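Two complexes are shown next, each including subunit A; its partner changes from subunit B in the first to subunit C in the second.
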Partner chain A sequence: MTSSKTVQTDIPRHEDIVDERLVRWFFYASLVYMGISMLGGLLMAAQLVHWYPIQNIEFLSAGRWRMIHTNAVAYGFIANAFLGMLHWVVPRLTLHRVASVWLSYFIFFAWQVIVLSTAGGIIFGPAFQSQDWVMEAARNLHISMNLGAQGLEWGETPFWIDPVALLGLALVAFNFLVPISKAKGSLYVTLWYFMAAFVWTFLTYAMGNFLPEYALAGSSAGAVGGLFIHDLVGLFVTPLGWGLMYYLVPIILKKPIWSHGLSLVGFWGLAFFYPLQGIHHFLYTPIPMFLQYGAVISTIAVEFVVATVVINFFGTIWGDSRMAFKNLPIRWFYTGIVYYFITCFQCALQVTLTFQKLIHFTDWVVGHAHLVMFGVFSQWIFGMMTYLIPRLLKKDWYSNRLCEWHYWCSAVGVFVMFLDLTLAGLFQGYYWAALQPWEVGLNGSQPFWITRIFAGLAMFFGFLCFVYNLVMTMRKGESNATATATA
Partner chain B sequence: MESKLAKQIRIWITIVAGAFILIFSGLGFGAKFIELIHTFTGESDGVFAITPMVNYLLATMGFFCMLIWATLNGMFNDVEGPKQTMLERDEMLDAK
Partner chain C sequence: MLESRAGVIFVGGIGFFLFAFVSNVVVPVLMYKDQPEKTAEEMVNSNVMYQFVELSKRYEEPFRQAFGEPTEENCAQALRLGRSLFVGEGCFHCHSQFVRPVSNESMRYGKVSSSDEYQNELQRPVLFGTRRVGPDLSRQGGRHGNDWHAAHFYHPQSIVPESVMPQYPWFFDGSPDKPNRRGIAMMTYMQWLGSWLDSYPYYEELDSIKSEGF
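On to the complex of A and B.
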């Protein structure tokens, strides 16, 4: 272990290792995509209750907005926000700057081009599809030239962007693995999670976007698609999210994580058990039962792993629980942790074949998806921004009350949405199991879908409060920034 | 400062949780592995199972090597050390 004395002499200046401007840029970009995604979600929700406001414009049809909604969140909001955080956390943990700051700037612009081209492909791709020159090229090059969305859930990035995105991921991995490799002493758990995420995201993206497109067909492609969807959440978003939590919670609470040993148990458990469970999305499909049961078993193994992580975070805040009320970033984080526990508890039910019989293809799954993507990871990101923005701008928040509005609208809004869709899913499952006509299920879903719009509007309102607060904070005069926002 | 009892509780929870995960998951995975061999040799489905299995092995093999490398390099000799170092470094960075 490196002693604190040696550390003290080696310690660089924060300004020399962290490029704060880059962190800010990534945050701003991520917020733009979040706004677009929420708008897309609201439009899609409106379509389901026959209130779709943009009629008869093919480019802006609801189906395309749905894909914009999910892609803007995953690759626009979450990826940008995490990249911003990584530029803050990795140098501070390793005491080394990224491999190249120029590369970081290149990655910033390249990533925006990738996300925007994905949106362009989704919206305009199908219109180009039928052009003569495209058909001609497809014939000559013997490729599908499917310019619009790729037919793979979460992998809708059109096929021509995939190689560029993969290259982008390789550059990201290189840029951060260099400082991690220079870190002295035993690695802190956050860095283990980050290293894993860089390798996994690259592999997962390659597997999901290339194998079903070029090498596999039928249920084999379906099985890999299942792995891809789940691995994207579990091997890209989860390790980065937990890695950041393991860094930020101790920093803000000013006390170490309860058990570093337990956190390593959680990390290695995730490493070995997570990659097999994707097929649990496809229970009852033609995929051989052998693989379906395998996915069930590894999902149960991951449940144990998750329990260790949650125990560790509650062990850490033990004795300081009032911080969860007083300190807003900590409140965001622990709300997310509680929601995470709920989603994992849901998983324990969902993964049984008995339960799947009822909820498969219903809105239960959509409720689950919102709780995990918004309730957990987006709320963590908002907590990170609430904590870091005053430090980045060297100013206190313009309004702490608006920060509170953001928190309450988001935390309550998403929970209402989750409960509402969970119930909707159960109703739909029973309608279908009773072999009711399809319209009966649709009509029965309407009250739930209307409620979802209002929950979504609350979340959107909270988000607008945050953006307004940010703009006003940027515009207000200099003041002394406190390290922790609204502490 | 953590009391002796609290420290012991923490160590025991870590060991029990680790053992729990390893034993039960190990049994589950072991059984599935034997089943894989039977499926692979005896059923037409067997070949199909190869793609996800190879993906899994690719994804985890690297980590297995890394686990061994980290253990041999003494990364886990002082398991609780890094959590203190991390906090100290961060405070010093802010103090500079």
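On to the complex of A and C.
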């Protein structure tokens, strides 16, 4: 934090190194994609309970919007929000501007083009798939010429966008690694996570979006696919998310992280064990069994690492636990940390072959994914926005009560969804193992799917409260003195 | 090393990633290097050709407009398009394509999947799938007739009222007896799944097989 009274001459002023407009733009863009993604999710949820009325319009097909749902969250919401946060955090930690502000603006527009073309490709691509020239090219090149989505979960990005996105990731890494390289003295934990994340995200994207599509086939491509699905969460979202936690939690609590040693254990444990686990997404496949065992063991190992990180954060708030009730951003963060522990604990169980037998392919996994992506990372991002937007707009929130509504609808909604889908998964697993006709499993899932759509609506309602609150805050007239004084 | 830039970037970032890449990617690639990847043309077999010809007779005029003659070459083209649509419509998010050796799956679907089944162009990237809202499809070929598939793609709930599958009227020119190029390609792809196995069932024979209790 820049303390205004005792500024030394060699510390640059906040205004000179942080481009706040850019942070705001990234936040606004991320919120737009969150809205789109939630609509896509609701659409698919409505399809499952027979409530989706628009069946005849190709471009509103639930199957395609299901992919918009996941891609808009990963590449639209989370990536944009993290880029916004990085433009705030990296200059303040390194005391240097990003490599080029011009480049930052270029990245902003380029990234929106990438996300929007991905969405456009997924929605409109299949309509052109049966054109003669596409089929000819597929025959001659022996590759799947998918104008729309590609056949890899989270890697649906159409093939003509992949190289552009990869270039964009390289520019992002360059833009932030330059100020990090200029920073003097030892680096704070946050910057370890960021540096590793820049390298990993680039490598992961390159691996997942090119190898299985062009170079590999069969089971070994499945191994790459599993690794990609896993690394995207583990090596892009997770390190950036934890890096931001290590930065924001001590600042808001006004005290250092409890244990530097545990930070080291957490970072290096994650770096070593996390990339080894990809194959656990495809247990009991024809991928060699000893590789599956390896993935299971390293997954269980990483849960111990996660425990050290969570302990470190609870050690930090020890003695100040009232902050988790009084301070909304801290409450968002610690709710996310508790949910993170739950997902990781759940993961250590569900990754075993015993559990996989029953719950693989069921809604159990869907519940797990929602608890990670929404319950942890999206909630952290909402907390960051709740904390930062008053500082960016130099005004207090229009309504603290709406902020509370946002929190409670999201935190309760996603947890209900998680419990509901976990239970649904158990039922589905037993229906299938008992060789019940398929329709029996579908009918048995309906109560859970109906509960799920209401949990989703609650989360969507919370999000609408937040957006309305944001718009009203922006439109609010004079700046409020209390907000700027505590910034 | 543990807190330095070089340590984090080169050991943690690149080094550990490469270690995982070698153990999780290079090892399986080396293990399967003796199984060459087959092209779509090589994956056309007599079972799927039977269905392809059946489609050309059942939907004579739409078929001629879409693929011309029911040759093996055109069948390979239909399979490529069918696979692209299976991916593009997001089918693979609700239908897996592998039978596990657990949870009684071989009793429901048939033979447990093996790696040789996936070494071909139509499994690049491989479509194992991660969720089964609908049943696994890797043994789907031959279980239903083409007329069943046409009606089912057009309006799944007209055949299975409980089904939560979206309707795909854009695979047809107005009615289920007029499939367009996309519709015929999808049906060919469905009939192809599992067609490389000796146990490929023909819809007409399925009832008799069932009554014999296979």
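Simple rule for what comes next: the second predicted complex is superposed on the first by the 459 of 487 C-alpha atoms of A that agree within 3 Å, B and C clash if a C-alpha of one lies under 4 Å from a C-alpha of the other, contacts with A are read in each partner's own complex, and residues count from 1 in each chain.
Criterion: contacts are C-beta pairs under 8 Å (C-beta built on N, C-alpha and C of every residue); 3 or more make two chains touch, one makes a residue touch a chain.
What you see is a predicted model, and the numbers here were worked out from it, not measured in a lab.
Of the two partner chains placed by superposition, only subunit C is touched by A:S181; subunit B is not. By the touch criterion defined above, A:W438 reaches subunit C but does not reach subunit B. When both complexes are overlaid on chain A, the residue A:N140 reaches neither subunit B nor subunit C. By the touch criterion defined above, A:T308 lies against subunit B but remains apart from subunit C after alignment on the C-alpha atoms of chain A. Shared-chain residue A:L358: touches subunit C; no touch with subunit B.
Applying the stated contact rule after C-alpha superposition, one finds that A:I279 touches each of subunit B and subunit C.
Once the two complexes are overlaid on the shared chain, A:I257 sits against subunit B while remaining clear of subunit C. Looking at subunit A, you'll find residues 186-187, 195-196, 199-200, 203, 207, 211, 216, 219-220, 223-224, 227, 235, 264, 268, 271-272, 275-276, 278-279, 288, 291, 294 touch subunit B in one structure and subunit C in the other.
If you check the complex, the residues on subunit C that touch subunit A are 2-5, 8-9, 12-14, 16-17, 19-21, 23-25, 27-29, 31-32, 35, 37, 39-40, 76-77, 80-81, 83-94, 96, 98, 100-105, 107-108, 113-115, 117-121, 123-135, 157, 160, 162-164, 166-170, 180-182, 185. Those residues of subunit A that touch subunit B in the complex are listed here as 1-2, 4, 7-8, 11-14, 92-93, 95, 185-190, 195-196, 199-200, 203, 207, 211, 216, 219-220, 223-224, 227, 231, 235, 247, 250-251, 254-262, 264-265, 268-269, 271-273, 275-276, 278-279, 288, 290-291, 293-294, 297-298, 300-301, 304-305, 307-308, 311, 315, 483.
By the touch criterion stated above, subunit B contacts subunit A in their complex at residues 10-11, 13-14, 17-18, 20-21, 24-25, 28-29, 32, 35-36, 39, 45, 48-49, 51-52, 55-56, 58-60, 62-64, 66-67, 70, 74-90, 92-94, 96. On the subunit A side of its complex with subunit C, the touching residues are 47-50, 52, 55-56, 58, 61-64, 66-67, 122, 125-127, 129-130, 135, 138-139, 142-153, 155, 180-181, 186-187, 192, 195-196, 198-200, 203-204, 207, 211-213, 216-227, 229, 235, 264, 267-268, 271-272, 275-276, 278-279, 281-282, 284-288, 291, 294-295, 356-358, 360-362, 365-366, 429, 432-435, 438-439, 442-443.
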